[in-house]
Structures are given as structure tokens and as C-alpha cells.
Amino acid sequence: MNVGVFEAFTLVVRRELCLSFRRPEQLLQPLVFFLIVTTLFPLGLSLQLSLLRDMSPGVLWVAALLSSLLSLDALFKGDADDGTLEQLALSGQGLMVIVVAKTCAHWLVTGAALVLVSPVVGTALGIPVAAFATMMLSLGVGTLTLSWLGAIGAGLTVGLKRGNVLLSLIVLPLAMPLLIFGAGATDRAISGTNAAGALYFLAALCVFTCTLAPFAATAALRITLE
Amino acid sequence: MNVGVFEAFTLVVRRELCLSFRRPEQLLQPLVFFLIVTTLFPLGLSLQLSLLRDMSPGVLWVAALLSSLLSLDALFKGDADDGTLEQLALSGQGLMVIVVAKTCAHWLVTGAALVLVSPVVGTALGIPVAAFATMMLSLGVGTLTLSWLGAIGAGLTVGLKRGNVLLSLIVLPLAMPLLIFGAGATDRAISGTNAAGALYFLAALCVFTCTLAPFAATAALRITLE
Amino acid sequence: MWTWFYKLASPPSVYAAAGALAPWFLATAAVAIVYGLVDGLVFAPPDYQQGDAFRIVYVHAPSAWMSLFSYTSMALAGAIALVWRIKIGHAVAAASAPIGASFTLLALVTGSLWGKPMWGTYWAWDPRLTSELILLFLYFGVMSLRSAFEDPARGDRAAALLGIVGLVNVPIIHFSVTWWNSLHQGATVAKIGKPAMSLSMLWPLLAMLLGFMLFYGAVLCMRLQGEVLNRERQAKWVREAIKS
Amino acid sequence: MNTAADGLSVERVHVWRGDRHVLKDVSLALRSGELLHVAGPNGTGKTTLLRVVCGLLRPEQGQVTWLGQSIAAIRAEYQGILAYASHEPALKADLTALENLRFAVGLKRRVARDELRDSLRRTGVEACADLPARVLSAGQRRRVAMARVIAMQASLWLLDEPFTNLDAAGADMMTSLLQSHVQAGGSALVVAHHDLMVGTAPMRRLELGP
Amino acid sequence: MNTAADGLSVERVHVWRGDRHVLKDVSLALRSGELLHVAGPNGTGKTTLLRVVCGLLRPEQGQVTWLGQSIAAIRAEYQGILAYASHEPALKADLTALENLRFAVGLKRRVARDELRDSLRRTGVEACADLPARVLSAGQRRRVAMARVIAMQASLWLLDEPFTNLDAAGADMMTSLLQSHVQAGGSALVVAHHDLMVGTAPMRRLELGP
């Protein structure tokens, strides 16, 4: 009665979702953080409304990035602290299955949720409705990539106290291309020009990351586990 | 041979500094985070340089706020996790001494350090040298206020898993006036107008917070300790 | 005197009182709101500047006022519970938080609907609007902090403390229009002496405020009953009340 | 009149956790020179009782007094004379054993480094004095925690399963530490699952039931 | 030829931690139906040895084999037949005891909920099945961790001080669990500071020196 890879994957995803839903307010937190950060910026700009319009894609993306990042540091840390990561590592399932499952679950409760809430933020930032489709698409692809980049960082920094700042250091530089093209796509959609180029690039980035990052993240985790 | 309040205060501050310096790379993390976030924005804005100038105060302040916040969630959490917070609470010293000492130490290793590094960031963002004094002064006062607001939030969320997102949810709304006036002061200094009004307001906010927050933070910690 | 007070604040008597008051509040609220709506939407003269668009004020202003009022009462109930260890205060605070958040949301929504014809935009980063948004976040913070604790007693106290700390925002919202130059219009109704509004517009507004207040009371009573039952589920009187 | 005015006294304490009535009407008295062994099956509230006695947990009913005064009223003095060792050793992983002692004990009394080293020697971990707590073994950590209790020179010891993780020699050491503590006039409340064999001390036993 | 080809075998393992040579040339062999009691003073490397045997730590020298093959080479199969209980109980505080078991055991074998409940019953914590692990007492957590070991139906048990925090009844239960495990043909490596009184099983003892 061995447990197959796919079964193991769903079990770990269910475990993660169960942990998230155990405290429903925690599910909302990355979203609310996203909302708050997007409201902070306009304030920091001393309310120069004309500026706001131009910078809305940047604000949107930086907020998405930060809110995804903030929750990433708990990806493996919680399990490492209470010893369950060791149990997972000894479960007889490859570490990679576990890493992939945890990262996917993370994206579901942060990235996907963030995409769903982005129209609200978009409205507040004055992004036209016509640009919403591109914005949501780019955010979805972008946050998935980000979750994967974050998984590498989280794997490397698990076991370090105050690893979250270090995690940001590792992930943010990697995320820069993402930010440039994501904000670029949104910007073009707002101004009505064709955003396909930037979107393709984002998608390529996503495919690239999703292919290689599982290996990198697993390797990172294995290094810190020993 | 009882230990006086002042002695206890210095001992706790030394403990915190000792813990911070034990990992020198950790000391640098908020700073590097600050540097990275400030460089992210211009990227997110698709490098429209003309915009950059106008938004530099906002970017500076949001980055300061986030980098200070990121490190705040470890303020009491580390001690709560390993049980040393209980020992501190049973030390015979009032909890308030400990809270004040820890918050001051936190400000020293993040806020003060951030102020010192701000000219670099300011230069990168094109803030004129003449505005540096105001910028640094406002950042110093602002980060101190923020450390205190964060101490309340950290006290309330200590012991909660993934408290860091909840912490942001609590602290960010409280920090909004800070952001408005801090960025306002920097903005005025850049454009050469008189920033004294905003600075006075920041100072008043700081005095107000530093007087009341120790009580609130201590009460918060006491509530969650039980 | 104090024993009398404690007796009054004991869960069974609060439960009973809330149950008795709720229908009265609800009935009077209905009367006031119906009068306010009819008079405000049908009989009051159109504004000389805004035409009929101004009529949204009959929902907007009362809900905005109520958002502040219920925050303040939530914080005060929490403070009383925290200082004098009167548990029922936490129940009152817990019961009023979602109501207050709803009023805040209503104020934000009606405000931005009104903003479109008036200022040409649904949303602007204006001090009044922003601080009202902060109020909403504070409500969220208080509610999620309360539920984040395993131990409800600690959650209550933590939420009460945050509520008190957040009270600084209330004067900021109220005075933001005088402290900063703002899109939003200044105090119109509460101007001492003579309100800057014609009486025919004012009466329905006051009626709506009264109605909202009574409605708040009614919902508070009903939610309070639920809170008390949940908190006292171990107590003998609850078991008996459920059985009967 | 209160007979327990000269020591620790717990009077009719009740504590609920969630829906469970964990401590039901628990009373105890402890005078100087006495050792009280708290025993009972798992989950019957021994740790909870210790936390109530510390003042970390406020009981819903009943009270805890020291020298006849409620411990909440004389918080600082009371904390000055107690030493609590919890289930976890409560060490900062990044600090060395010695630094851990210095920052914890230093808040209670002025203490010289040699004295701290000496208490580490008494618990048999002098060799670990300058190792970060992170790398210590479970038993070594427990010993460092015990060294902290000794160095505090408190008159009331509250120990939660102090024999955990200790080897045979460590258990003997623990026993003799307890013995010399009560002989010197101190008192101790010790949670343990096996019998304490502290020779001469007048030892009583409180059995918590389920 | 390798005499230990039918079980676990640790051959001349060396491990350094920092400047300390913690495991010096440790060898052991364990066949099915056998129990090995690892003892030794605090800090002599018992936990380190267990982690090496698990495969969580790679020794600098020497090797660990199972059925004659290096455990690194047959990682998945090897992990499939072992159950490790570390110093900490390794439970997610937010999940209930039952969910903890389900997600941990479910990765090793398909398991029905009743079976999990049954193993909780065998360790005496069926009443806690639906409580979040956060609120359990130290001993209750330990029992849940032991229930996980049982439910894994592993043939090799690696237990690090499994008697910690257990009351007298719990220690008896632990002993009889070990006994029935080895009688059923399983093998176990148990770190403990006191003597194991597992009646009939062929028990050997490995004493690690300082």
C-alpha cells in the first residue's frame, strides 16, 4: 500500500490548505496587506493626484511583490521550527514532491487570492477597466513565478533566525525582471498599447522558473536540513 | 543587591545588541532591504526619470516604513518562542523596563542605522544635498515613532503563528499619518520650501507616541503573555 | 451601588435585557428610517447646486457618523472591560465591531458613489477619505486580532487594547476637513448656532441619524445575545435557557 | 487567621482551559525548608499549577499568597525570590551558555562572571560555558537551565520536570541540589513523574487527579 | 562478507560537530526482533547517532547500511520502513492530534481514520484526538508522537528518549509497546537514560562514552 507521488502531493496540499483555513483571518492577511500597501503609496506622494495615475502599475506590482514575500518566509520555517519538516523529509516521499506541493499551496492562498482582489485595488489606483484582464493575467503569472523564487529563498534561509529579511534580500533581486515586465505590461494595457510582448516575456519567465526552481528549492532545503 | 531600573535597562539593551551583533549579516539586512526597495520602484515605473524626482520622498518613506516593519515582528517573537520571554517577565523587573529597552535597542539597530544610510539612497533618488538634513531628521523621528507603534503591534501579535502579516495590518494604518507628514517634510525640503511645520508635527507625533506607547505595548505584552 | 451595577452587567440579565430591547429598537428604527427616507427623498427640496444627487446624503452622512459612533462605543466597552474586568464589555465590543465595519463600508461606498458626480472620481486620496479607510482597516485589525487567539479571553483583551489605541484615529477623521484643505465638505450640520442647511433638508437627515442609531441598537442587542450565549455556553443558566 | 502566612500558600484555585476545568479547587502550602513533589498523570494540570504559582497565569478563582500577601500585589518582591524552570530550557540559541546566564540572572541580582561559571560547574557543564546554546545537547541545555536556577539564589524553586533529559549522574546531581537547597532553608515545588529520593528533607507529595 | 546484511548496520562512523569529535568510530548492528538501548552521559552523541541512522545527517566517515545497501542509495525504501521520534514531538500546533497523524502517516501508507484513532487509543490520548496540539500537555504531545510511530507500521523504530514527560502509566505503556513491536519482528534503537525493562525481547545495550 505504498503512497504514490500524486497522492502525496494532494495530501501535502491539503495539509497546507487545512493549516491556512484553520485561521480564516490569516488567509485574508496577505490580501489586506496588499490593500494597505497600495493605499500607503498615494499618501507618501503627498496626494499629488496627477502622479498617481502614472505610477499605479509600479505601486500595484511592488505591493503584490511585498505581500507575497511577507508570507513566503513562513513557507518552510514553521515546519522547521516544530520539527515536522524532519518528519516530512523522512516520509519516504521525495523532498521535491513536498516542496512543489507546499509552493503550489502557498500560491493558491496568496497569489491566486491576490489576483482576485486586484480589480478593487486597480479601481482605487485609477486603472481603467479595460486594462483589468491584462493586469490580472500578468499578476497571476507573476505571483506564481514569485512563489517559486521565494521557495528557493525560503529553502536557503529556513533555520536562520530573522530569516525573513535575508529572504527578501535573496528574492528581491531575482524578482526585478518580473517587476519590470509585469509593471510594463500593466502600463501598456493602461495606455492602450499592445501588452502582448511583455506578457509573453512574463509567461516565458514563469515557465523557466517553474521548471528549474523546484530543483533549486529542493536542493536549497536539503542543504539547510542537514 | 537588588538591580535598579537603569541597570536592568542597560542589561537588556546589551542583551539585544549582543544578539544582533552575533550575526553581523542580520544587522545589515534592514539596511539592504531599504536599499533594494528604493531601487525597485524606479524599475517598476519603467524608468520614467522625470517621475522619479517627484516621487522620491514617497518611495523613501514607504521603504523605510516597510523595512522597519519587517524586522519588528521579531521584537518579542523570538523570546516568546524559546521561553526566554517568560524568564524576562519573571525577572522581578517591571515588564515596562524590558519593553522600553527592547524597543530602544530595536530602533538603534534599524532606525538609527537607516538614518545613517539614507544619504546614499537620497543621492540615488536624486534628492538634493541641501535637503539631507531635513530628510535625516524626519526619518530619525519617524522611525522612532514607528518602532514604538510596532512595539504595540508586536506585543499584541506575539505568540500568534504568522503574526507578521497581522502585525502589518495593525501597524500600517496607525503609521499612515507618519508617512504623510514624513514624506511631506522631505518633499518640502526638496522643493526648498519651509519644512518646519511638518517637522514639528512629526516631533509632536513622536513625543505623543513615546509617552503613551510604552504603556500600551506593556499592556499588550502582558495580555498575550498570560 | 456597585453590586447593583455588577448585577445589571451579569450575563443572564444582559441577555434578558437585550432580548427585551431589540424589538423596540427595531420598530422605532423602522419608523424613523421610513420617515427620513420619504421626507428626504421625496419632499425635501433639491439642492440649488447639486440637484437631486445630494439626496445620497441621507444615507451617507448617518452611516459615516455611525461608523465613528460605533467605533467609539466599541473602544469604550473594551476599555471598561479591560480596566474593571467586566466581561460583558468584551461581548459588547465583539458584537459592535462588525456592525461598525458595515457602517464604515456603507459610508465609503455611498461616499464614492456621490464622489463620481461631485468630484468626477470614485476615489481620491483625500485626508477624510483616507482616514475613513484607515478606520475600516482598524475594524478589520480588531476583528482579526480577536479571532486570532486560541484563548478567547486573551483575544478579547488584545482586541480591546487595539481598539483603544486606534481611538486616536476618530478625531483625525472628524477634524481632517478643518486641519487640511480637503475635497470633502466641512461640518455642515453640527455647526453651533445655525446649521448651514435648510431645515427642510435637515429634519429628514436627523431622522435618518436617529433611525440608524436605533437600528444599530437593535442589531447590537441581537448580536450581543449570540455573543453572550456563545461565551456562557458552559454556564448553567444557558443550558436551562436552551432546554426550555 | 491565616496559618500559611509564613510561606507560599495556594488557596482553592480553579483554572479552566478552553472547555476543560483543569485545576479543580487545588490548595497547598509550602514553608521554608520544605519540598513539595507534585505528581499526577499526564495532562492533569501540573504545569498549569506551576504557572499559576509563578504568577504567569491568573486563576479564575482562588488565590496565591506569599507571606500572607497576594502575589499580584507584591509582584516584584515575589519574583525576586523565585526561580522558575519550565518544560523548555529557555535559552537563547545564539548566546553562549554563560551569556545566557548573565542576561537572565543579571536582572535579578548583581552577579560576577565567576559566580556564574561556578554554577555551571556545579551542574557539570562548565566545558560548555562558551558554546552557543544552539549546539548543546538536550541534557546539556537542561543543565544550563538548572545552573540559572542556582545562580539566581532564589528561595523558592519552581521546577517543571527537572529530571528530563538528564543522565543518571545528572539525576543524582539534581537530587543533591534539591537537598542542599531545602537544607539551606529554601523551598521547592517540583513536578516529576517518578519518586524523588531527596533523603533528609521533609518532603510532601501532592497528587493531582484527572 | 557482511554479516549484518539482514538488518541495520552502522560501520565505524565518525562525526565532528564544530571542533568536537562527537561520534568516534561507532559501530552497531541491529536485526529484526532486536532492541538496542543506546545509553551514555549527556552530550555524548546519542541524538547525533540517531540522526545519522535516520539519514538526516551524513557521517564524515563510515557508513550506514540497511540490508547490506547504503541508506543513501535506497533512501525512499529505507524511509518507508523507519519511524523516527525526535526530542520534540514534531506536531503542528494548529492541527488536531488526529489531523497531525493523518498528514504525517498518510505520506507513508494509506491509512483509515479509524486506524489512526485506534493508535491514539493505544497510547491513551483518544480523548485528545480532536484538540489542537497547541493545547496539549507535554506528556500528551509525547503520546501523540508515539501514536504516530505506531500508525506508521514501520519495522525500524528510532526513538530519542521516548520516556520523556510520560507518567508512570505512560512509561509502562511505552515498555509494552516496545515489547510487542520487537515480538512482532520489528527492531528498535532506543535512546534512554534509565534501564529499559522490556521483559522477553533480546535486548542489547550500546554505551557511548564521553
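Note that the chains are named A, B, C, D and E in the order they appear, and that numbering of residues resets to 1 at the start of each chain.
By definition in this document, a residue touches a chain if its C-beta (ideal position, glycine included) is under 8 Å from a C-beta of that chain, and two chains touch if they have at least 3 such contacts.
Being a predicted model, the structure only gives us computed values, none of them experimental.
*Asks:* How many hops, at fewest, get you from subunit B to subunit D via touching chains?
*Replies:* When the steps are counted carefully, the minimum from subunit B to subunit D is 1.
*Asks:* Enumerate, in label order, the chains that touch subunit A and subunit B alike.
*Replies:* C
*Asks:* Could you find the chain whose CA centre sits the greatest distance from that of subunit C?
*Replies:* Centre of mass proxy via C-alpha means gives E as farthest from subunit C.
*Asks:* Compute the centre of every chain as the mean of its C-alpha atoms, then state which one is farthest from the centre of subunit A.
*Replies:* Relative to subunit A, the chain whose C-alpha centre sits farthest away is D.
*Asks:* Tell me which of A-C and A-E has more C-beta pairs in contact.
*Replies:* Between A-E and A-C, contacts are more numerous in A-E.
*Asks:* Can you check how far apart subunit A and subunit D are, centre to centre, with Cα atoms defining each centre and the answer in Å?
*Replies:* The mean C-alpha positions of subunit A and subunit D differ by 46 Å.
*Asks:* Subunit C to subunit E: how many Å between their CA centres?
*Replies:* From the centre of subunit C to the centre of subunit E is 58 Å.
*Asks:* Using mean C-alpha positions as chain centres, tell me how far subunit C is from subunit D in Å, no decimals.
*Replies:* 49
*Asks:* Report, in whole Å, the distance between the mean C-alpha point of subunit B and the mean C-alpha point of subunit C.
*Replies:* Centres of subunit B and subunit C (C-alpha means) sit 33 Å apart.
*Asks:* Name the residues of subunit D that each touch 2 or more other chains.
*Replies:* 17-18, 93-94
*Asks:* Among the residues of subunit B, which ones contact at least 2 other chains?
*Replies:* 23, 78, 161, 166, 169, 172-173, 176, 180, 226
*Asks:* Residues of subunit C that contact two or more other chains, please.
*Replies:* 130, 137, 140, 144, 148
*Asks:* Flag every residue of subunit C that touches subunit E in the complex, lowest number first.
*Replies:* Counting only subunit C, the residues touching subunit E are 150.
*Asks:* Along subunit D, where are the residues that touch subunit B in the complex?
*Replies:* Checking each residue of subunit D against subunit B gives 54-58, 76-77, 79-80, 82, 84, 86, 88-95, 99, 103-104, 106-110, 148.
*Asks:* Please give the residue numbers of subunit D that touch subunit E in the complex, ascending.
*Replies:* These residues of subunit D touch subunit E: 17-18, 39-43, 47, 87, 128, 131, 135-140, 142-143, 161, 164-171, 193-194.
*Asks:* For a test of understanding, state which residues of subunit B touch subunit C in their complex under the given definition.
*Replies:* So the residues of subunit B touching subunit C come out as 152, 156-157, 160, 163, 166, 169-170, 172-174, 176-177, 180, 216, 219-220, 223-224, 226.
*Asks:* Contact residues on subunit A for subunit E in the complex?
*Replies:* Result: residues 1-3, 7-8, 11-12, 14-15, 18-19, 22-23, 78-79, 82-84, 86-94, 225-226 of subunit A touch subunit E.
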